[in-house]
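The structures come next, written out as structure tokens.
Two complexes come next, and they have one chain in common, subunit A, joined by subunit B in the first and subunit C in the second.
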Partner chain A sequence: MPRFTPSLSAIPPSLIIGLVGLPVCIALYAGLVGGDGATWDHILQNRLMPYTLTTLLTLFIAAVIMLGLAVPAAWIVTQYEFPGRNVFSWALILPLAMPGYVMAYAWADLMGVSGPLQSQIRDVTGLSARDYWFPNLFSTPGLAFVLASTLFPYVYITARAAFSMQTRATLEAARSLGASPLDLFWRVALPVALPAILGGLCLALMEAAADYGAADFLGVQTLGVGIVRSWTSFGEPNTAARLALMLVCIAFVFLIVARLYQGKSGVQQTSTRWLTPERSALSPSMAWLATLLCATILLLCFVAPIARLMWLAVETEARTTDLLPLLRSTLLLGLFGTALALCAALVFTLAAKRSRALRMGTRLIAAAGYAAPGAVLGLGALFFLRETGQPLAGIVAVALLVWVYVSRFTSAGVEPMQATLDRLPKNLDLAAQSLGSRGLRQFWQVDLPLILPGALAAGLILFVEILKELPATLMLRPFGWDTLAVKAHAYATDERLAQATLPSLMIVLAGLFPVLLLSWRLNQGERK
Partner chain B sequence: MICKTRLIAGLSLLVGAVAACSSPSEPTTTAETTETAPRVLTLYSSRHYDSDKELYAMFEAETDARLEVREAGASQLLETMRAEGDQSPADIILAADAGSLWRFKDAGLTQALPSETLESLIPANYRAADGHWYGVARRMRGIAYDPTRWSAEDLATWPTLAMEDKAGEICVRSSSNIYNLSLMGELIHRLGAEAAQAWATAVVGNMARNPQGGDTDQIRAIAAGECSIAITNHYYWVRLSTSNSDADQQVAASTAFLFPEFSEGSGSHVNITGAAVTATADDLALAEEFLTYLLSETGQTYLTRETKELPLIDGAPLPEGVDALPALSPSDTALDIYGENQAEAQRLFDLAGWN
Partner chain C sequence: MSAIHPLIADQVSRSFGATAAVEAASLTLEPGEITALIGHSGSGKTTFLRLLAGMERPDRGQILSGDTVLASDTQHVPIEKRNIGLVFQDFALFPHMTALENVMFGLRGTAKPDRMKIAEKWLDRLGLTSRRDAYPHHLSGGEQQRTAIARALAPNPVAILLDEPFSGLDPSMRDRVREAALSAVRDAGMPALLVTHDASEALVHADSIAVIDRGKILQTGTPDALYHQPQRVEVAKALGPVHSIDLESLPGQWRAAIGSTTGTVHYRPEAIQLGTGEPVMVRGSKLAGAVTEVALALDETNTVYAACQPGAPLLPGDQIQATINPSLVFDFTPKMT
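On to the complex of A and B.
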């Protein structure tokens, strides 16, 4: 039978790729064409280098923290039995529900000079704030910590999946050859899991690079801050867009480096023995040490900031307007955005199966959106709106906003699906083709069922990401569609932190449900 | 098969959701001013206070008009209006900084609203001479300080902050904050760019810590002993002194507040919350009615009660707590200057190393 489909069947993926890439491309194009005013000269001469170096340093420290938290936690959770393991295995994903800016408010309040910790030190010692040293959260390492503490679950999820997917045979072989538990980790398990871990790390770093809220609040001059500053202080949105190009380039470098590494050391597991290696028992002291490690991570990255926010809300008897309508629009926008971004991610993932070129192309397009700050994508959407001559209201505004969500977050959906596919033996595809399955039939009968577990994980991650999204929502939401993030931001910019905590906590609560579902889903996957 | 059914079910859910979203629960605002429909006034506001919403509701109750409000940052609203062009539903821009209002005017997005009522109500210095914007409330940038360390004379002018005896004593937020930019805008106007940059450089040298957090954080840092001088807008200090929390009240009680001048007798830096009528607004009578309402006793009360701004109309009731502020002698600099100098202000801050 002649195959006449290639050209036709390439149309839907191309359309979707165009759709996802358009907002960021429009913004970057506007930046390249119209961003070279006097402000650009000033930024180029005086600010570009400091912005870039600060951003890279933040990302480097954040990467070290994330790997340091996530990889050991994932390893012990998958390999050993210890008190509380069942709870920790899912609870360590919870910080994903915290928006970075909310984490920054909470930690700034806890660690600030007038916060409870430092006040206690002064009360007890009688010293003044200038007489003692205290870790400064308002610094590059402080920002890196705040971002890492909300984003490390990306690395944890991928590391956990990679560790639990390793065939028992490999680990048993290593053990029988006399490898110590440490050897097993460093020389066997980690090299095999590294490509997946790098994928998660890449995602987390791109998200960290696009941050504005936390960096601005902590007074750290990252590219994200510089981009918004070019727009608000200098009044030159085009220059802001041009500066965003820098972030996109950084993201591309990460992606390409990760890809090169993954290509070199990608391991095809063809064994059908995917059984999770049985967890070993630990000596009581080691078991409690493991518990302590996980508990500390959870305390720092979730319990302490949440508890502080709750305390603030109660202490000052914070009152806010009715938050239920906000919850409604938050969930609705989250739902629309997730549904469409998931479709786009699905198309991307399947298109990537066809050719290496498409695979890299789709990834780069998705990454460009993911690494660009929401404000820049919002600008892209406004530039587009200008061409249509429509007011930003009603369905037009919803459509633009959802479009920006898709453009911004598709990458976060592609990665989990791609990871699922990567874990499958190639010969499944070949078998399907040899049985005459191709085109739509192959999609329904082979690809979709195989990709479904990854798609569920992707959907949940997308939903949580969109719940937390602030800059684009602030710019593009239609009349009467305030979200929880918008409200939290409104109170926070007015320096009413106690009132900002209530909508912030609701974002976390709304995000908890999908995160719990995700954890449960991942646990199920492991047990199979 | 199961998969297919599930997917179809999912798709129909999605379609349903999209349909629900496009249902007319959120009315669009274009072309609605027919004889019978209520008059609609669309506000683009860079303020986001709950008390503003109460005020809007009261205006709706007292008139037959309906308000649509979009709240976002001033730059975002400006870019939105540019994108919407002729089709913009915006009728009124409400912004919490004179420089922002100037930007809207400079971009050609506003129109003059000649109004004898407004002109008679608002002192000339708090409105644009050409009628493109009108102030509705005042907000001052000043200094909170540790009275055990400094007297008011030590801090009488902004240039005193650049003196060597203030080394390691000053707390202030990032330079990109609009309040800092507007203050710098007036400094550039009065001292010239070179002297203003030298001032900023000296202040950076006198900072106790890197710029960070908001204005309230700077006042709190005085109480904690990290610095003894905080540059802050007056209302953050007033809010602390009237807070529910004892700790906040103690912070305010341990500090004093003053409005520095630029030089002796120059008057102090004043900023405004103001309103402008957009170039696309049709119902100018309704726009004027709304602005007049903001300047009524009710309007002034609601604009300032929660925010602790100062009313613009003489005789309007003062919000609780502002009576603790010192007397104010306002500068006579035209407020448009803040907007004209804003980009230059950021450039000089950058060069001075003020993050």
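On to the complex of A and C.
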């Protein structure tokens, strides 16, 4: 058992743990004991059951699509040589830059009755719009497709890592025992990589469960949508809290399962030679088939939606008139949020280094914030505000919103900093202390300079995450504080897609930076 | 059981870019024999094994099992169709399968109970009966290696190739595992290739040895023949320490014993025997396990190195006597004929 030694240096981290953990705790508390408003029967029958079932169905379909996209792509990229392999290997991560709601706008336009796909069908066949069946994006499977197409890189990244870490010898041993290439995949590579793949899938599903924007735009009644509507439209805070409790439970299950699988990356630990499997050549026709598969995935999940949005922006000469104030409030909120979350993450990381009890506390709270969807945290903040009796306006609302950002994204900032620290020699602290550097001096002279590269990466990631955040911003922003995400969503739900394109594209552009950073770091890791 | 044929490499070459990894290498692996292939890292021994196994395609030359062509200019039987057993340095067991399932992996074409019986037989042969349901990460290094050997032998392959199979093991268990593993391989009766950089392993355990250097197989023969009659200095060096010296600097009695008078010769340290003979002076000595290495001054500038049984301590400056055993002196200078 870690012994708890009270000390002054434990106060700031403890305070920040409280700050980060409070919104989700309030929301959970309200969900468990909140007793006023609509009856439990009404909530269960009319709200909780339908929202939950829709959410679970969406997640199930999304899981199937993500596995179908990511696992074959990861396998051929790690095992075979084919035209464009080098580019696809990292480009298949790019869809992560697109928030689900932007993907939904683009596909809604691509697949709409007057969109390019249906027009083409009518031109070619001469049929009219009523004479043929066309898949409807505004449906549960449609939402699942949209979410899967932005989130499948989570699965792709873990599958690629798991496949490329399998020793060449293991695969060659299987072949020498008569295994065909297909056998190799089904009997050896996939079972070995499965824990890692499921871990990645759970993280992706956790993100999918947290979606609000895509579901709201596509009119699919998921829990995220339900929470916001129950509060804003139905005036049933009690229902919102119950839905939030359910959503947090679902998200936590995924997070816990992902963490369970993370330990066992599925790679044999006895190997002394961890060679990346040598990629085999394919016959020309098979090689082009592999290229076609990867190109199709990239086209569907990134190129086509982006190209469509760009085309829309140019063709309609869409002018988002109030772009300047939008940029100003987005930038301000992003900077406030990033600065505070970065400080919180820094305190967490350093505290975790010093004390085991604090490490457990910070990990737990950071994970709670990470798993809790923005809608839930926004709800927690609203309950908090209601207790204090303050109106949701002005500086109070801005502070509340920044607080929710800190609560939601601190853990995203801890990770890159932790990764930087993990790479350092373990005895560095002792070395610094043996040379007389302690406390604040150690922080300025040793810890801070060392952690800086990780902190810069963390800052970038945090800023973009905040920029993309939709549900909490939507719930809490005061008048005049619309962000790019909020405005894009407002235009899109208003069926003014053309006006939504410019803010959407700006979000994607910003989102590309952390994704490229991630891709670069993954490549560095593989080269080691 | 199918008839057992030798596995033959005939003038096999393989280059990677401009580097020739294996050059016109010929070697015949006889059934029931363990042939050791020794060379230092980068000598081409692993590439040669990969060519035999079918993981690489030769640029030129043929690989045959008996009369069956496995690889030639026109043909290439892929690894999964060759039925050649492989054992790797890092064991390469399937981490998601038990020891029994690992051994059963290569068995096919029969009902599951039969396959289980065959696998159990092999686990039993290698002393692993009690570990059959253990996963690789619960097995010790030695147990993993024996499981890997059982897995390679179970499908009754036409040959078995072992790539540094014992160098990953703890020295304390290496001898025991090696004994058990190699006796199972020898009993199985198929041709076996043991790739190693450990000369003593090859000398003790192989029936014949091939020395490979810079992609070329320099000499093949029994351990005794290679140790005592190496045809090239590289072969002599591959099998144990050798030193070189000018004949002119040797005492006359030694030159007479060797039988020639000019040029450079190589000798193994145990060729110098202390006791009687020519007077020499001790320059230094150090204990190296089972033997003592002694540097002996012949005169101001020339030194020879001897390996002898540890005995009374030899101190620098001691005057002693020594003879030379000509059978451990090699003359590699090209003979005019």
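In this text, the second predicted complex is superposed on the first by the 317 of 528 C-alpha atoms of A that agree within 3 Å, B and C clash if a C-alpha of one lies under 4 Å from a C-alpha of the other, contacts with A are read in each partner's own complex, and residues count from 1 in each chain.
What we mean here is this: a contact is a pair of C-beta atoms (placed from the backbone, for glycine too) under 8 Å apart; a residue touches a chain by one contact, two chains touch by 3 or more.
All values derive from a computational prediction rather than experimental measurement.
Engineer: Between subunit B and subunit C, which one contacts more residues of subunit A in the superposed model?
Structural biologist: Ranking subunit B and subunit C by residues of subunit A touched puts B first.
Engineer: Tell me the contact category for A:192 with respect to subunit B and subunit C: first, second, both or neither.
Structural biologist: second
Engineer: Who does A:176 touch here: subunit B (first), subunit C (second), both, or neither?
Structural biologist: second
Engineer: Which subunit A residues are contacted by subunit C in one complex and by subunit B in the other?
Structural biologist: none
Engineer: Using the touch definition up top, name the residues of subunit B that touch subunit A in the complex.
Structural biologist: 3-4, 7, 10, 14, 17-18, 21-22, 26-30, 42, 48-50, 53, 68-76, 79-80, 82-89, 103, 173-176, 178, 181, 208-217, 220-221, 223-226, 236, 243-245, 251, 342-343, 345-347, 350-351, 355
Engineer: Quick check on the complex: what are the subunit A residues that touch subunit C?
Structural biologist: For subunit A paired with subunit C, touching residues are 167, 169-170, 172-180, 187-188, 191-192, 194, 266-273.
Engineer: Flag every residue of subunit A that touches subunit B in the complex, lowest number first.
Structural biologist: The touching residues are 38-39, 42, 46-47, 108, 112-114, 118-119, 122, 128-130, 136, 138-139, 216-219, 221, 225, 228-229, 231-237, 315-317, 320-321, 332, 335-336, 339, 375, 378-379, 382-383, 385-386, 389-395, 398, 444, 448-449, 452, 474-475, 478-482, 486, 490, 493-495.
Engineer: Provide the residue numbers of subunit C that touch subunit A in the complex, in ascending order.
Structural biologist: 53-55, 78-86, 88-96, 105-106, 108, 136-137, 141, 144, 148, 151-152, 155, 168
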